[in-house]
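In order of appearance the chains are A, B, C and D, and numbering begins at 1 in each one.
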Amino acid sequence: MGKFDMRKVGIIGLGHVGATVALDIVQGGFADELVLIDKKSEVAKAEVYDLWDSLALQPYHVKIYAGTYADLKDADIVLSTLGHIDLIKPGGDRFTELRANAPEVKSVSEKLNECGFNGILIATTNPNDVIVDMYSKYLNLPKAHILGTGTYLDTARLKRQVADCLNLDPRTIEGYALGEHGNSQFAAWSTVRIGGQPFVEIAEKKGISLDDIEEATRQGGFAVFNTKGYTNVAIAAATVGLMNLVFSDAKNVAICSHYDADFGSYISTPAIIGKDGVEAVVKLPLSADEMVKLQASANEIQDKIKQFS
Amino acid sequence: MGKFDMRKVGIIGLGHVGATVALDIVQGGFADELVLIDKKSEVAKAEVYDLWDSLALQPYHVKIYAGTYADLKDADIVLSTLGHIDLIKPGGDRFTELRANAPEVKSVSEKLNECGFNGILIATTNPNDVIVDMYSKYLNLPKAHILGTGTYLDTARLKRQVADCLNLDPRTIEGYALGEHGNSQFAAWSTVRIGGQPFVEIAEKKGISLDDIEEATRQGGFAVFNTKGYTNVAIAAATVGLMNLVFSDAKNVAICSHYDADFGSYISTPAIIGKDGVEAVVKLPLSADEMVKLQASANEIQDKIKQFS
Amino acid sequence: MGKFDMRKVGIIGLGHVGATVALDIVQGGFADELVLIDKKSEVAKAEVYDLWDSLALQPYHVKIYAGTYADLKDADIVLSTLGHIDLIKPGGDRFTELRANAPEVKSVSEKLNECGFNGILIATTNPNDVIVDMYSKYLNLPKAHILGTGTYLDTARLKRQVADCLNLDPRTIEGYALGEHGNSQFAAWSTVRIGGQPFVEIAEKKGISLDDIEEATRQGGFAVFNTKGYTNVAIAAATVGLMNLVFSDAKNVAICSHYDADFGSYISTPAIIGKDGVEAVVKLPLSADEMVKLQASANEIQDKIKQFS
Amino acid sequence: MGKFDMRKVGIIGLGHVGATVALDIVQGGFADELVLIDKKSEVAKAEVYDLWDSLALQPYHVKIYAGTYADLKDADIVLSTLGHIDLIKPGGDRFTELRANAPEVKSVSEKLNECGFNGILIATTNPNDVIVDMYSKYLNLPKAHILGTGTYLDTARLKRQVADCLNLDPRTIEGYALGEHGNSQFAAWSTVRIGGQPFVEIAEKKGISLDDIEEATRQGGFAVFNTKGYTNVAIAAATVGLMNLVFSDAKNVAICSHYDADFGSYISTPAIIGKDGVEAVVKLPLSADEMVKLQASANEIQDKIKQFS
């Protein structure tokens, strides 16, 4: 103490997602120092002012400021929340954003390298798997220290959809949405259980359509986006959730977009998350059909990466 | 249990403030049942979907749904977060909104009366003092059960400004911004202390301008609004803070806009907040000068009320 | 509001468990009104004073007092934390306590009936399954409104033991310890998974002894008790966890001791917990071997019940 | 990350206070790594096991283990919670403990020096002011990095007593109990305010005896101790409260026992607490009478120090 700083977090990109991540962190006391950076510095400042105005009312103190990349030299975690969701038209594809986000990701990476950032980067920027791949190419960091929220969010959406069908608490559903954080993702039904029971059996008995749930999960973001023009609550909760697993060195099996050597690609499969980022990959016992889908999703991601490189 | 519901909250108006209030409540587990209502039902639904998508990731469960006024019959607290901040031009006045908000407040009140709502109403809608006055005229509720966030927010802003000058935790500053949640508000310097020391003495020693701080407090919202187009973080924290004082029957001396018989007006002065809403008014030992300012602020509020009735 | 009280909780028995439950509730803001009752009223008062002394430092306000049974008339949840753990000798059996606890449970039940308590009762008192059975016979409440912490605690212990072997976050382990909260309990290995992988396969590969883990789980309490003379942290967390599921009407699949018609006995199997207590029983797809063990455990509980009735 | 550890806390002495501090930290997620040390290693282990058993049920992950002093080399904060409260007889004096605690404090200091601990030490060990003085003499740390909970606890007790008289939330009371964490402490009535009103005026109007409140504050610990045989809830909340101010570098004006050059003694007066420990001393505008009492209290502490050196 006095010697060094505690939990220091940088947020790059103060759109709706970045701003909500900042709010969640401050309300929960999940960081001790929070550096907000936006290419429009007045945007970061406005967010800082609103957060400052709340500090007298918060249970925990957080040091918050609009910073520069130099402030991230000793950051523990940087969250890439930049994006151009405004470019996506209702019903659109996350890849519409790529053209705008790609050069910014390159620029952010160069600045992070320049300042000597040596922590963990967690990206929500879309298309998520392509973006984390870019970060891994540009950043002077081990691949394991770069992760994307990926289908951590889609898995939460899948749990919600399953829970809705059964009038249950979404936290009580086990299982995963795998693959791309995009259209080629899929619900790995063999992994979905409630109280130990395979959901496929429950669904069959009750006449619940798995395809409908899977599609609702995949379209979950758009159901919100088409009205609000963005999504922020759930993606922010996912980002902060992963961040907390890293800070507490939890060794929690969480799904996120990470480099999976089996697929030669960033893609969302379960991994053990701790202070070294992605500390190990967990092999799910998938069905043959699911393995095919997962490979196809990896191919889809790789195609997009090639297309844009 | 089984017999009745626990902490049931309605949020009316799902703009940025209402949405952020909902997020704060869900992240903190501050309600057990949360009913979202917006005149555009798809807006409430989009917010509900985003919150639902986060439920698998939240520490507490909250039952959330897009409801109707009938669902508020047995609500304990209703939060009026409706507004038309989009109508305000940068640098503008909160009264610009009144023309749009007034008929909605009337309509909301009629629906709340009709459904038999019999709890506590906390309004953030602006111009706050005029709006709570309207609610008190329209709603079949005791005046003590209707309160506005008023200068609870401005007081937090004042504490932040004072804290900034001294590099201190805003929570460690005592004191109040009094009067209208609007231009006639003022910092009651005689009440502002740090560690028991009057801030006026500290300011004098250090050459800090009280007027600058007061103006920064008054303009705090606009510093955020002029860039973001709205404010949400601090006002949401204020709203949820007051709500929690009611739910826990805290008997906390908090400042908010409530009916103060001395001024014959809704206006922000400290009051004791508990499950009966505003349970008592606290008489601040103000200076003669401050008393004049407070009366002037009350007059200003009354003028605006007359002008619009 | 004003009309009725929010989350009102009674704690009966202010030994180490009851006191820790009270502390957890106050620190987390999980109740609005907390009534402490002990047969020695000075014990309840001492605990109340210590909690009161902390209130200026807590993030949330809770109304706390040493009460009488009349105060529980409108309680939502009553927690039976009474016990005589001091009677158990190191390495001993939970049934040693029964002789002392049984008459108190009868007396508590009579007083709860007399005051008209009509909420949910959650018992930690041991031997847990026998005690909840007693409460169900004595109390004028539906069986579904009476539950015991049962193997909710042992399941947490099982997760810890499995997590320890693999250096993982205990929260990331799925599965259940089933049956009696006592010696006839067992780890239902067919339900234990990490990231979707059956733990039995992992254990086999790594040469981990399932029997050792099961025994460590069963003896978990004694590992603490033999030194401390009691256990409180984990059992309090389990109690408060179940309580929060009821308050928030979570419909979470949680394991606890509840009446399971299949076994004609209170016993711990997964159930859906909501504001109506045990709202449904979840049938685990157990192996034939596990079904035998579960029936044996139910028989063990019934034997003990007969022995003491 | 990967490079260094986050919030690392050592707790020395796992009696009721140390154990409750550990519980509060784990429930609140206030540290990432928690090292428990007791001269009886089995006591630390029993506490660790009970905490581990709760981890599957906690909202945050914390790495907890029974450690040695070598583990504290890179600890950020060490909490001295050792004590021999069992030696105090009902109604007794905190100095009864000194004879037993003093040699342990010396031994702990030597081990902390040896391991190279270079963080902040917060002591609850009693008699608090004498103990922190000892630590400051033995430890190779700046005086500002050593603090005692002192009258942070008594101030919370004072607020509770005042709040009780007025049926208010203790958090809403401002003011301080000053001086020794012992019999020579006193309520600095000139600092006690509610909603800006001096409490002395309110007390006069309502016929409340200031002396009774002051005595109840001073005897607050014994009201609990005489029945429980120890106090833990409020003192643990005070300890964790101060710890969080340091971790978040809050610059909060808090009262604690720190070295005050004006009195040439450790003594409780308000100070600014941040990551450098006691970053500045705050001069209260006390009455002449209160200044005399404060000096007398400092003299009392110095007398005791001389007596035992």
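Going forward, contacts are C-beta pairs under 8 Å (C-beta built on N, C-alpha and C of every residue); 3 or more make two chains touch, one makes a residue touch a chain.
What you see is a predicted model, and the numbers here were worked out from it, not measured in a lab.
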Comparison of A-D and C-D (more C-beta pairs in contact): C-D
Chain of greatest Cα-centre distance to chain D: A
Distance from the mean Cα position of chain D to that of chain B, given in whole angstrom: 36
Distance between the centres, which are taken as Cα means, of chain D and chain C, whole angstrom: 33
Centre distance in Å when chain A and chain D are each reduced to the mean of their C-alpha atoms: 40
Where chain A touches two or more other chains at once, by residue number: 61, 169, 171, 245, 250, 252
Category of the chain touch graph - line, ring, star, complete, other: complete
Chain B-facing residues of chain A, complex: 19-20, 23-24, 26-28, 42-43, 45-47, 49-58, 61, 153, 155-157, 159-160, 163-164, 169-171, 173, 220, 223-224, 226-228, 231-234, 236-238, 241
Touching residues (chain side chain C, partner chain A) in the complex: 59, 167-169, 171-172, 174-176, 188, 190-191, 193-198, 245, 250-254, 270, 272, 282-285
Chain B residues touching chain C - in the complex, by the definition given at the top: 1-7, 29, 32-33, 60-63, 76-77, 118-120, 145, 244-250, 252, 275-277
